[in-house]
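Naming follows writing order (A, B, C, D and E), and every chain is counted from residue 1.
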Amino acid sequence: MTLQSDNATTEPAAQRAGFDSDAHHAATVRDAVTDYLNRLRGGDMGSLPAILGLVVLFAVFTGLHDRFLTTYNMANLVVQAGSIIVLAMGLVFVLLLGEIDLSAGVAGGASATITTLVMIDYSWEWWLATLAGLAAGAVIGLVIGVLVATLGIPSFVVTLAFFLALQAVPLKLIGSGGSLRVTGVLRDLSIKNVPVTAGWIAAIAIVVGFAGLSLWKYRTRSAKGLVHKPLGLILLQIGVLAAVVLGVTALLSDNRAPNPLLFNISGIPWAAPVVIALLLFWTFVLTRTRFGRHLYAVGGNAEAARRAGINVTGIKIAAFMICTSMAAISGLLAASYTGKVSPGSGGGNELLYAVAAAVIGGTSLFGGRGRAIDAVIGGLVIATIPNGLGLLNQASYINFLVTGGVLLLAASVDAISRRRRSSAGV
Amino acid sequence: MTLQSDNATTEPAAQRAGFDSDAHHAATVRDAVTDYLNRLRGGDMGSLPAILGLVVLFAVFTGLHDRFLTTYNMANLVVQAGSIIVLAMGLVFVLLLGEIDLSAGVAGGASATITTLVMIDYSWEWWLATLAGLAAGAVIGLVIGVLVATLGIPSFVVTLAFFLALQAVPLKLIGSGGSLRVTGVLRDLSIKNVPVTAGWIAAIAIVVGFAGLSLWKYRTRSAKGLVHKPLGLILLQIGVLAAVVLGVTALLSDNRAPNPLLFNISGIPWAAPVVIALLLFWTFVLTRTRFGRHLYAVGGNAEAARRAGINVTGIKIAAFMICTSMAAISGLLAASYTGKVSPGSGGGNELLYAVAAAVIGGTSLFGGRGRAIDAVIGGLVIATIPNGLGLLNQASYINFLVTGGVLLLAASVDAISRRRRSSAGV
Amino acid sequence: EDDSNGSGSDTGGDGGDVQGKIGVILPDTESSVRWESADRPAIQAACDEAGVECDIQNAEGDAERMTQIADTMIGDGVTVLAIVNLDSASGAAIQEKAASAGVATIDYDRLTLGGSAEYYVSFDNVKVGELQGQGLADCLGDKPANIVYLNGSPTDNNATLFAEGAHSVLDPMTQYKVVGEQAVPDWDNEEAAVIFEQLYTAAGGKVDGVLAANDGLGGAAISILEGKGQAGKVPVTGQDATVEGLQNILAGTQCMTVYKSATQEANALAEVAIALATGGEAETTGTTADSESGREVPSILLEPQSITAENVGDVIADGGQTYEDVCAGEYEQMCADAGITP
Amino acid sequence: MTSSMPLEYGEQPAVPILQLRGVNKSFGVVHVLHDVDFAVYPGQVTALVGDNGAGKSTLVKVIAGIYGRDSGDYVFEGAPVHVHGPRDVAALGIEVVYQDLALCDNLDIVDNMFLGRELRKGGVLDDNAMEEKARETLASLSVRTVKSVRQSVASLSGGQRQTVAIAKAVLWNSKIVLLDEPTAALGVAQTRQVLDLVRRLADRGLGVVLISHNMNDVFEVADRITALYLGRVAADVPARDLTHSQVVELITAGRSGDLGIREAATATI
Amino acid sequence: MTSSMPLEYGEQPAVPILQLRGVNKSFGVVHVLHDVDFAVYPGQVTALVGDNGAGKSTLVKVIAGIYGRDSGDYVFEGAPVHVHGPRDVAALGIEVVYQDLALCDNLDIVDNMFLGRELRKGGVLDDNAMEEKARETLASLSVRTVKSVRQSVASLSGGQRQTVAIAKAVLWNSKIVLLDEPTAALGVAQTRQVLDLVRRLADRGLGVVLISHNMNDVFEVADRITALYLGRVAADVPARDLTHSQVVELITAGRSGDLGIREAATATI
C-alpha cells in the first residue's frame, strides 16, 4: 500500500491550480483603489511614508517661514538635493547587497579633483574630464569590490580604509589648504537653468513616453490574460503625472529671482534633468534587466544566488563600481554647486546623510530591498532639513538638535508604517 | 505495513549514540597541540589573525624607528589605546546584535561634558561625577534602544540622528568658555601610574586567580567525564600567562622616562587596569551569564530567540545601554588624556575606528559573533598605527594613505584566514 | 590700540533702523571654539546696537552647507552677505552668485582669493603666524632649541597661512632646529595629543618648544607634557585667547596666545555692512591685495595681539573673555598674582 | 490503521486543555484562517492534517503566540487567556517544534537546547549540567552521527537539526507539545523514536499536537484528527472513526461523505 | 515494491553519465565523506539513502560544486571535468533541489523559478513569458493554495516553498536532476505528482538522483539504490535486488547479510 490513495488525483491538477489573486483582475478604478487600500492596510506602504514625511516637513517649514515655499527656494532645493540624491542612488546598489561604502563621499571628492585638475592643468574638454573622473570613480569601486567580493573582507572596514586613503588624493594633488575652482560647463550645471523651450520639450517627452509605455503594457498583459491595472486607473495615473510634470515646468519657467527686475532666473535647474535621467536609467537597470534581477537575488540570499549560477563576485564588484561612479557624478555636482574642490571634499557627513537618505526612502540596510526612487525621495527629505533650517536663523546647537530630531522623525514614520508589515510576519 | 522495520531498532539507541569527539579527550599536551593545529587548518582561527597582524605591525615599526619598542613608547601606546578599546568593547555589544551605534563617540563626549561640568560647577566628587556621566550615557542608550527595539527604526538612522543631536549637548553646556578642563583623579588616570607595589600585587592576583579557575574547571569537568584540556596544557597556559603578566609588570616598574635623571616615570599606566577590569567583567557577562547567552542568541537569530521566550526588546535595549555607558567611560578616558572636553569631543572618526577595531579583533558586523577581547586586540592594532606613524613624521597625505593601507592589511589577514572556514561551509 | 573699532559701532548705532537685512555665515564649530562662543554673540550684539536685522548661520565645516545657506539667505532677501569662507574657491563661488542677485558681500576674518567681496574685515592670518613664531622665540631665548610644529588642519587654508607666518620668523633663526612638524586633521584635539606624544617620543624627549597653531592644539601638547613632567618647562604657543589658553598662560604651561578680538571684528563688520546696506562708504584701514585676481580689496585690518603672562588682563579688559570664566577655581589665585581682578 | 493505543469510546475528557474558538487570521489581503475551532485534549495526540498551504503552520504559530489573532478566543484550561507573544505561551506550559526549526546557528547544540531556560548554579550558567542533560536527551532520540554536543548547529545535517529542535521542546515539564512536521527530515530509526516519544508524552498526560503529511505516522499515534482545508476546519473527529482514504479526501477535497465543509464555503476565499 | 518501470536485466547502460570516484570531504577535523564512489546513469532513478548525518547532502553539494572535494575524481560523460562552483555544474546540465531549498525570500515565485536563467526579449526581461511558464509548471505540481505567482516566497508555506524549488529545477533541459528530500514537506497529492515527475524525467533519459527517508517512495521509483553509512558507500545495487528491510539495515547498521562495509571500516571515523 502506498501513501497516495487514488482519490487524491482524481481531479486534474492543472485545472484546480490556485492563483486566485492572479485570476482576480481589478476591473474598475474603484476596485483598484480598494486593492491599494487593502495593500496599505497589510503594511505594503512603498514610498508612501517617506512622501508623507516630506509633506509634513514642507508643511512645517511653510508655516515657519513665508519664503520657504517660493519657486526660488524650491529651485534651490532641487539643486541642493542633487548631489546627495545621486550619491544615495549609487549607495542603493551596495545597500541592496547588504554592503556599505563609507568611502563613497571621498571617492566623489577624489574623482572631482581629478576631473577639475585635468581641466585646469591639461585643458581637457569638460566632457573628457568628466569621463576621466567617472573612470577614476569606477576604478576605486573596482578595487573595493574585488577586495570585498574575492577576499571577503567586510565592506565596512575596506571602505573605511579607502575613506582614509582616498583623502590623500586631493591632499596630494591640490596641496594642503588649497582648492581648485570649477568653471565653465560643469559650474553652469548648478547656476544655469535649462532653456525654457528645451524644458517644455523634455517635459512633454516624459509625459508622452510614460503614457505610451503604460498603455503598451496594458495591451500586452490584458491580451495574454495576465494581471493588469484597469484602463481607467492607467489614464488617471497618466493624467496626474502630466499635471505634475507640466505644472512644475510651468512654475519654473517663470522668472523667480528675488529681485525680478535686477535679474532673470527662469527654467528648470540643470540638476533636475541629470537626476531624472539617472533615475530612469537605473530604474530600468534594476527592474528590467537580468543584472538588476541578480542584484536583488544576491542581496536577498547570496548563497541561493550562487547556487542558481549567478556570478556573485561579479555582481558585487559591479555594484561597488556603480556606487563609486555615481559618487563621482555626485562629487562633480557638489563641486559644481560650491564652485570648487578642496582636500576636504566629501569627507564630512555627506556619506552618512546619503545612506540615511536611501534608508528613509525605503532601502533596507540588510540587503534585498531598495529602488532608485528611494534615493530621490530620501534625498529630498534630507536636503529639505538644512534648506528649511537655514531660513530660521538659529544657534548652531539648535540646528544640530533639530536636524537630528527631524531625521529621527522621518525614519520613525517609515519604521512605524512598515512595522505593520513585519508584525504581519512578512 | 509501517515504514519502520523491526531491525532498525534492534540495537538500543542510547548505547550507540555518537558524540565521538566529545568522548575523545586530548590526553597529552602534544595531543592538544595537534587538535589545535587541526582546528586552525579547519579555519577556526580565533584571535590569531589579529594578533598576527599586531605582531607584523610591531615588527615593521620596530624596524622603521628605534624608539618604537621602548617601554616608554609601549606605555604611551597603552594609554593612547585605552579610550578606543573601551569604546570598541561597548560597541561589541551592539555589533553582537547586528546593530550599530554611530552616536557612541559623541555620546561619550556628551557624558564626559556632564561629568566635568558637575565637577567644576557643582564641585561634585570625581566618582559621583563619573557616575553622573555614566548615568547620562546609560540614558542615551536607553532612548536609542527603545527607538530601535520597539519602533523598529534601523539603528543606523537612529544613531545617526543622535550623532547629530548629541553634538548640541557640549555646544550648549560648555558655553562661552569653549572647553572644560579635566583635573584631579580623572586627569591622573592618564598621567599617573599605578604605584609599583600595587601593580605587583594586582599582577600576582591575576596570575593566581587564573591558575585557580583553570585548575578548578579541570577538576570538575574531568570528574564528570566531560571534555577537558590535559593538565599539562593547563599548566603550560598558566606558565605563559604568568611570564607575560609578571614580565610586563617588571618592565613597566622601571623608570622609563626619556631623561631618567630629570624625571621618574614608572609603574603600569592606570589605563591598563581600567581596561583589564572591564575586559574581565564583560567577558564574564558574555560567557557565564544568562544575559550574555541571550545576547548571542538574539544576534544569531532574533526570531529563534523570541520563540525561545527571550525578551528580545529588553536585550536590545540593554545592549545599547551598555554601549553608551562604555562610551561614557571611553569619553572620560579621552578627556583625561587631552585634559579637557570641548564641543568636538568624540565627533571625529573615533567611532568608525572603534567599529573597525572590534571587527579586526574578530567581531562580526552581522551579529552573533564577538568577544570583549576582540576590542582589546583590535583596539591595539588601531592605536598602533598613529603611534608608529607619529614617530615617522610624514606629510599628512602619507599618513592618510598609510593608515588606510594598514587598516586594509590588518583586515585582510583576518578575512583571508577566516575565508578558509567559510569555504568549508560553516 | 585700534581706532577702527569703537567708532564703527557708534556710527552704526546712530544710523537707527537700517533698511534691509544682513546675512552672516560662520564656518564651523570645530576648528576653534571662537565662532560660536565669541563671534556669534559679538556680531549679534553689534547688529542689535546698530538696529539692523542680522541672520547668523554656521556652515558646520561644510562648504556645500555654506553655499546652501547663502542661497537661502539670498532668497530671503538679505542685502549684504558676510562669509567666513571655508576655502577661497567656494567663497568666491558664493560671492559670484550673490553678486548676480544684487547682494553685496563682505569677507569676514578670511580673505576670499579671487572673490568679489566689497570689503574685507579681518586680522592678518600670516601676521598671526608671525606673532606665534616671535612669541615662541621670545620664550625660548637665544639658546639652541628643538622645535615641534603642531599645525592646523591640512584642509584649512588659514592653517597654511599660520604655518607660513611662523616659519618666516623662526626659519631664519639658526639656533632652532625643527625636529617634527605635523598637521592635525580637522584640528582634532585628541588626535593632536597622540601626534604630539609620538613626535615627542621620536625626538627622545628632546623637545624644547612647541609651535601649536591654536589654543586647542597647544592644550593637547601641554596635556602630554604634563604626563612627562615637562609642562611649564617647554614653551607652547596658541591662538584665539580661549579660556583654556589664557589659563595655561597663567599657570605657566603656555608661552603665549594670539588675541583676535571678536568684538572689534564684529563691530567693524557691522559698520561696513551698514554702510553697504545704506549705500554709504565705510572707513577702511587700507586695502589688501588679492594675490589671485590682483584686485585691491578695501579692508579693515585689525591688529592681532600677542598675549603673554604679562598682558592676560588685556583680553579680559577688552571683553574677549570674562573674569568669571578665566579666573574660576584654582585660577583665581593666579589671576590675582597676575594683577587681574574682577 | 487506527491509533496504536486505542482509547475506549467515551473516554475522551470533557475539558480540552487548550481551545481556540472562531480564530481568523489574515496577512494583508490574504485570509489564511477562517473561523477555526481547535482543541487539544490532555493525554491525547491530536493530528493536525491538511494540504500544503492549508494553514496548519499558521495555526500553530497563532497558538504559539508568534502571530496575533485577528479575532477569536484562546482558552487555556477552561479560562480565556491573553497571550502577547511566545513568552506568555511558554509560561502556560506550551512547547513548540516549528516547521522552520528556528535555531541559533551561531550557538552550539547544548546552548540551543537550553535557550531561554538556561540552568544556573549560583547565578552563573551551569554548562556542565546542561551538557550532560543534552547528551542524554539526544542519545534517547537515536542521534548517532553528531560528533560533539558542542558543535555549532550550523554544521548539522537536516535531520540532526530537526532532532535538536525536538529535543529542545521535550526537555521541559510542559503541558502541551506542538510538533509541526517533526519527522519530515528524519531517518527511519529517528522517526521511530520520535513517534514513540510522542506516544509517551501523551501517555504522561500531556496534550500533544502532531502535524504530518505521513498518514501512516498519523494513524499510528493519533487519537483525534483535525483536518484543515483552505484555512477551514473540515473535520475534527476521533482517529478511529476515519479511514486512511477518508483523511486523504478531507485533505485534498475538504469533504468525504457526510464529513467536511459544504461546497459553498470553499467557493469564497 | 520494486521500480514501477522495471528495466530488463543487463539493460543498465555501461557508461554512467556522471561518476564520482574516491571522493573525500572534510570540514576542519570532521571527515564527512570517505572514498565515496557514486554513479548516475541516464534514464535511471538512483536513490541515495542513508541515516541522518550519513553525508547524503554533503555528497549532493560536492556534485553541485557548492563544496570542493579534498580528493577524488569528477567524471562527466566519461571525461574528467574540473568544476569550480555551481555555475560550472549548471553548465554541464545538472540541476539540483537542495534540502535547504535556498530561495531568495525577497523575490517572488516567478523570479525565483527563473533565477540565473531569466528569459529575455530584446535584451530586456520578458516577465510575461516567465509568468506564464511558471504558472503552468506549478499547476502541474498540484499547487492549489498559492494565491499569486507574484507572491514573495517569504510568505509561502513549507510545502509551497519546496514545490517552487522543485519547479525551478525541472524547468530546464538538463541531463541530470538531483533531488535532496524533495517530498519532505509535501502533502499527499503533491508527493504523488513529484514521484510521477521523477519517473517521467528518467523515462525521458535524464539521470535522476533522489534522496529520501521514505522507503515506499524509494522503492516506487528507484532503479538503483546507493546506501551511505557514516560517509562510506555501504551498497550500490539495483533496487530490485534489495528488500525493504535490507535497505533499512544498510542504513542503520551499514551492512546487511553479505552486502555492506566490513566492520573494521566502521571503527575508524
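Keep this in mind: contacts are C-beta pairs under 8 Å (C-beta built on N, C-alpha and C of every residue); 3 or more make two chains touch, one makes a residue touch a chain.
Values in this document were obtained by computation on a predicted structure and should not be read as measured data.
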Counting one step per pair of touching chains, how far is chain C from chain A at the shortest?
1
Sort the other chains by how far their Cα centres are from that of chain B and give me the top one.
E
Taking mean CA positions as centres, which chain lies farthest from chain A?
D
Separation of the C-alpha centres, chain C versus chain D, in whole Å, is 74
What is the distance, in whole Å, between the centres of chain B and chain D, each centre taken as the mean of its C-alpha atoms?
43
Going by the touch rule set out above, which residues of chain A reach two or more other chains?
3, 5, 8, 20-21, 171, 176, 349, 396-397, 425-426
Scan chain D for residues touching two or more other chains and write them down.
27, 30, 66, 143-147, 155, 188-189, 191, 214-216, 248, 252
Multi-chain contact sites of chain C, meaning residues that touch two or more partners:
29, 36, 154, 183
Chain B residues touching chain D - in the complex, by the definition given at the top:
2-5, 8-9, 13-14, 16-22, 220-221, 224, 226-227, 288-290, 293-294, 296-297, 299-301, 303-311, 368-369, 425-426
List the residues on chain B that touch chain A in their complex, please.
1, 102, 147, 151-154, 156-158, 160-168, 171-172, 349, 352-353, 355-356, 359-360, 365, 396-398, 400-401, 403-405, 407-408, 411-412, 414-416, 418-419, 422
Chain D partner, complex, touching residues on chain E are 27, 30, 50-54, 56-58, 99-100, 143-147, 155-160, 163, 181, 184-191, 213-215, 230, 248, 251-252
Which chain B residues qualify as touching chain C in the complex?
65, 67, 70, 72-73, 76, 79-80, 120, 167, 171, 174-179, 181, 183, 190-191, 257-259, 262-263, 265, 334, 337-340, 342-345, 347-348, 350, 386-393, 396-397, 399-400
Per the contact definition, I'd like the list of chain E residues that touch chain A in the complex.
64, 66, 85-87, 90-91, 96, 98, 102-107, 111, 115-118, 120, 123-125, 128, 131-132, 135-136, 138-152, 154-155, 188-189, 191-193, 195, 214, 216, 220
